[in-house]
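Each structure below is given as structure tokens.
Note that subunit A is present in both complexes that follow, paired respectively with subunit B and with subunit C.
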Partner chain A sequence: MTIRTGTRTAQRNELLWALLFIVPSMIGFIVFFAMPSVRGLLMSFTNWDLLRPAKFTGLANYIKLLSDKEFRHALRVTAYYVVLNIPLQTVIALGMAVMLDRFTKSTFIRGILILPWLLPNIIVALLWLWMLDPTLGFINQIIMSLGFERQPFLGSVTQAMPTIAGINIWRHAGYTAILLFAGLQNIPKDVYEAAAIDGADERQMFMGITLPLLRPVLIFVLVTSLIGSFQIFDTIVITTKGGPVDATRVVYWYIYEYAFVRFKMGYAATISVALFLILITITVIQMRYFNADTSDLD
Partner chain B sequence: MRFRFNALAIALVMVSSMLLAACGGAAAPAAEPTAAAEPAAEATAVPAEEPAAEAPAATDAVTIRYGLWDGNQQPAYEACAAEFTKTNPNIIVKVEQAGWGDYWTSVQTGMVGGTAPDVFTNHLAKYPEFASKEQLVDIQPFVERDGVDLAQYLPGLGDLWGRDGKRYGLPKDWDTVAVVFNKDMLDKAGVTVEELNNADWNASNGGSFGQIIKKLTIDEAGNNALDAGFDKSKVVQYGFVGGGSGGAYGQTQWSHWAVSNGFKFNDGLYATKYFYDDPKLAETIQWYANLNLVEGVAPTLADVRSLGATALFTSGKAAMTTDGSWMIGSYVNDAKFVTGFARLPKGPDGRKSMFNGLADSIWVGSKHQEESWQWMKFAASPACANIVGSYGVVFPAIQSGVDAALKAYGDRKVDVSAFTAQATEANGTFLFPVTDFASEIGPIMDATMDSIMLGEKPAADALKAANDEVNALFQ
Partner chain C sequence: MTTRTQTKPGFSTQQIFAWIFLTLVIVVTLFPVWWVVRTGFSSKQEIYVDTFNLLPVGPTLNNFKRVLGMFSSEEAVAQGGTASGMDFWMNLKNSLMVSTTTILGQTFFSAMAAYSFARLKFRFREQIFFLYLTAMMIPGVVTLVPNYILMARELEWMNTYQGIIAPSFLMTPFSVFFLRQFFLSINHELEEAAKLDGASIPLIFMQVILPLSVPALSTLAILQFLGNWNDYLWPFLIGKAENMRTLTVGLAVFQSQTPQGSPDWGGLMAGTTLSLIPTILIFLVFGRRAVNAIQFTGFR
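And then the complex of A and B:
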């Protein structure tokens, strides 16, 4: 704040206008994000069971959480999902983005890519649930007509999680590709021209120009999809409900189960707070590690 | 190009993680996202808000909302409601139906948000929790005031709904379990209904019932499971399909096998200890799981999950199953072949079926508790029982209603004696295990039974661990 321009009234006017524009999203933020968050935090110190008045129980929920084996299992299952989901999804999306950027200007094709993402999660999950059905599903019909054995997919302890990861990669890869594509468009074409003159081939250009210059967008995509991936829930509600056994009992399902099946809202809030802390930590580490605030273009 | 998104990323994290428990979670059930989300979002940590029951349109007529989950019973209770309004013109009953899963979600969120129905059909696995959370009206004072005769109900049914002198429901109906069979498949295999009715069973080799299952299992080459050349990887017709893993109670899945093998769930009403670690249960569940895992005479759990046992049976993929009496209509209507009902096989401890019954409860948030009681009393009276019975979908809790139901089934030429004989036989039934913590026992036992059925763990180990976990809840 070194240069002051205009009179005080003009400044106040500007401030008023600014506030006016901020208010709608502030209301949304306060009502839907800030208040529930604070309430959730308060809830985590109680034994609220949804129906009777809550009693303050101090750190009891947190102490229980520390020795909760099922919570650790839920974290492991979630991490497994993230590991299955993020790398594959990012690589596929990057491939699609580069191909879009190099070979086509067609908005139609871009539209098709983003289509799965436009479908609600619930619809996508239902769609795949039916297609993957062990007895009636059309995917198993294909597998059998090729002479292979029927696969249980979502009904098997070992196959359930990879299947769910696959479903979500199908839904999100196109959207991620569009984000990366936008990033690719920001890379000045003259850099490629210069490289081409120097005799670089496609692979060298990709490794030497595209990837480094795409880094900020790539990190943005990684951070947001990682957070999104930790929140895997709707697909599980529709397809496996945490099962078979507890193979897909991810943290969000575990929270849901405590809150609305076991009526332990207080403990459910505690798990949410723990998850919040875990995600914040991961995000901060990611951003530090990748120097997300700087770009090699500067 | 500079990317500033620290704030954005952190906001995203906040949005995501904390929101679920605080409010978003109720939107999770696929059923009615908007309807479910609202009440939960409004719920405060001190949920003492006034229930916002709808005010009646006219001052002289009161509308009672009545919830039930079984769509098959809806017409019967709508007929009851119409009859009720004839004698009580100032009370209108609005019947609201939702499938089992959605039903409980909406009842629970409704209690939080103040929109639960005035009177709702309750279940023995659910009511103790609602009662202990002070959500149900104690109707004992009403019962005494109006002199309702509890002896009019079939023995045992009334007791299930009381605790410590309080009463939370009047019995409406009852059910037992029997064997459901595909007559065409029986004929083809040369198995008679009489043979099936006289079959015995044990956990080590399935007894003569196990032999019948094998005889009815046929592979692509036409061999049955008793033949030497039988290929269990190419089964075209299963001898038996169980209704899944059955969770904590196995009402139609394994409870009849286990109890006829000498197992008991606990020491009775409101017991504080389960006996899931009983070796007799373990060997029973292992037999049940091995039908698929080892013998290949029953479909995989994944197949049962995908279609449901009823659909597998009615589509002709399996020759027999076990199911409850409330499903009689579905089998008779949906199957394109002749379906029949046979007695459960005789186990080492005799024939045993779970004896379960539903009742209505009044929600404490109802603004019209007197009118709700009037309706509830009618729904559990001989007048309504006779109406419900005449629809032939369920056995009412009062004998005259049972007779009406038998007549209705008889008119449709459906022999339901396998269910009624089980109910009237001495020591033929055991009661649904009613205890506290059902909502926590459920997830534990679901995962346990799944793990056994999928062959992940041997029954004895899994049940021992689960029993410790369940009993720790009561500590």
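And then the complex of A and C:
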């Protein structure tokens, strides 16, 4: 009997403490994650400039969005950026990861490679703004000393986006390489040994063992970098501010303009929801297509 | 053994190619950072004349003195700078304040929640945890505008520390998830022993669990500190006022104020160099742990 009541009070005690322990995080979750998400969704059906009360407009914002040429342009520019950024970044990172795995496990070298990712976007953007300066920048000095013409880079409609993609490849390739490197460590070495005995060459081993076994990590890296890539913003603040001639006016910049320059909160929320839906769709497709959760190791 | 003999025949060409590749990557990684420092120490006139020198040209500390507010604004303008550069010490103080407070609160409160999810039994535990997880999927852009409105209108926390700190002070879904994973891996026996000795749950949490989790807690703290330190848009939206700007905001404002035609590159790069120092310090002190922490994020 005494033992029983003992466990019951102990249980009640545990419940009480569990609640107390969860309450702070719960407040944070509800106030700054859950409620804003719901509110963002509700706002997307309204017209709201913060001065007058929000006006419910039904699907008007979404209908407007469908025929919004500027939004379509922003989407196209963002997609262009993603296409310039992700494949090249992943390939470079994969190359770096394989090199690290094969030739050096030095934490020091991995540390150096990760350095750009530790720096704030703002600093990375300033650094490259200076490196790429049309008149004084180091890159143009090299280009000219090799006998070529100086390049406008961020000042050119055609070059601005590839340049920004390059800047972010510089920042993220090392980080991505470290993630992939960690994945490579999980591939059992005896698989390679067996393949070597069977007479497989480097290329065959890479295609036949490394890539398939690395797939779960690769998918994770692709999904997260893709989601991040779609939300490019900080770099653009420093380098181009959406220009020249809207060449780098990405979706996030467009949302920023609507919310904090034009103060059209409702429509800004609508674009945010649309971007969210796009990201979710891409993620689901990627997961499905690549069977992300199964490893060929099993 | 076998792998060794395998790579041996190809040693010369392969190894050399790999090292050339790695060296190239390291140079491309480090050179721009050096170029920032080099420019920070160069004098304004020389930057225009000697654009190719790898060392600081016309070495000077004036850029740094200007950014650190050691010159009057007239003197600064006379040097080719801007009257309103950046207030480095103020920005540094704000960045430290915001990042430190955020990670202290976030790590502690997330640990409490994570402990509940990992060890204590209560109804709807899995459901609540799943809810937290779904928040990890929601990109920041969805909550950005509503959170801004919350700060601007309901809480009226514009240009305050609490405004910048609040959204990630009590938790982030990632922190809770990260720590729960770690707590699950801790052996039950120590807790059972403490329980038999009559220790209460908060006592077990404070004196058994937290001390055992120092590696995980510090790993998380480093990651989240860097995240906060590097953040730009949120502190910019909430802390635009001069006395509330963090380093990233201060630098961005500095850049936007420097004349487009002839930017104050020396000053900008001096400011950038100074802003690099805290990150580099963290990197040097916690380097190994930071690298491992980042590797871990790959498996969340």
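Note that the second predicted complex is superposed on the first by the 264 of 298 C-alpha atoms of A that agree within 3 Å, B and C clash if a C-alpha of one lies under 4 Å from a C-alpha of the other, contacts with A are read in each partner's own complex, and residues count from 1 in each chain.
We take it that a residue touches a chain if its C-beta (ideal position, glycine included) is under 8 Å from a C-beta of that chain, and two chains touch if they have at least 3 such contacts.
All values derive from a computational prediction rather than experimental measurement.
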item: Touched partner set for A:Phe263, first subunit B, second subunit C, both or neither; value: first
item: Which superposed partner A:Gly155 touches (first subunit B, second subunit C, both, neither); value: first
item: Subunit B versus subunit C as contact partner of A:Gly111, first or second or both or neither; value: second
item: First (subunit B), second (subunit C), both or neither touched by A:Arg39; value: both
item: Which of subunit B and subunit C A:Ile22 touches, first, second, both or neither; value: second
item: Which of subunit B and subunit C A:Gly174 touches, first, second, both or neither; value: second
item: Partner chain(s) touched by A:Gln141 [first = subunit B, second = subunit C, both, neither]; value: second
item: Subunit A residues touched - subunit C or subunit B, whichever exceeds; value: C
item: Subunit B and subunit C footprints on subunit A, overlapping residues; value: 29, 32-33, 36-37, 39-40, 43, 50, 122, 133, 136, 217, 220, 227, 231, 233-234, 237-238, 252, 255-256, 259-260, 265, 268-269, 272-273, 275-276, 279-280, 283
item: Contacting residues of subunit A [partner subunit C, same complex]; value: 11, 13-15, 17-19, 21-22, 24-29, 31-37, 39-40, 43, 50, 95-96, 99-100, 102-104, 107-123, 126-131, 133, 136, 138, 141, 145, 170, 174-175, 178-179, 181-183, 189, 192-193, 196-197, 217, 220-221, 227, 231, 233-234, 237-238, 252, 255-256, 259-260, 265, 268-269, 272-273, 275-276, 279-280, 283
item: Residue numbers on subunit A that touch subunit B, as the complex places them; value: 29, 32-33, 36-37, 39-43, 46, 48-54, 122, 133-137, 152-157, 186, 216-217, 219-220, 223-224, 227-228, 230-231, 233-234, 237-238, 243-246, 249, 252, 255-257, 259-263, 265, 268-269, 271-273, 275-276, 279-280, 283, 287, 292-295, 297-298
item: Residues on subunit B engaged by subunit A in the complex (per definition of touch); value: 1-6, 9-26, 28-30, 41, 43-48, 105, 108, 111-112, 129, 133-135, 300-303, 305-307, 312, 439-440, 442-443, 446-447, 450-451, 454, 456
item: Residue ranges of subunit C touching subunit A (in the complex, touch as defined); value: 2-3, 6-7, 15, 18-19, 21-22, 25-26, 28-30, 32-33, 35-36, 39, 47-48, 51-52, 109-110, 112-113, 115-117, 120-122, 125, 128, 131-132, 135, 137-150, 152-153, 166-171, 173, 176, 200-202, 205, 226, 229-233, 237, 247-248, 251-252, 255, 265, 268-269, 272, 275-276, 279, 282-283, 287-288, 290-291, 294-299
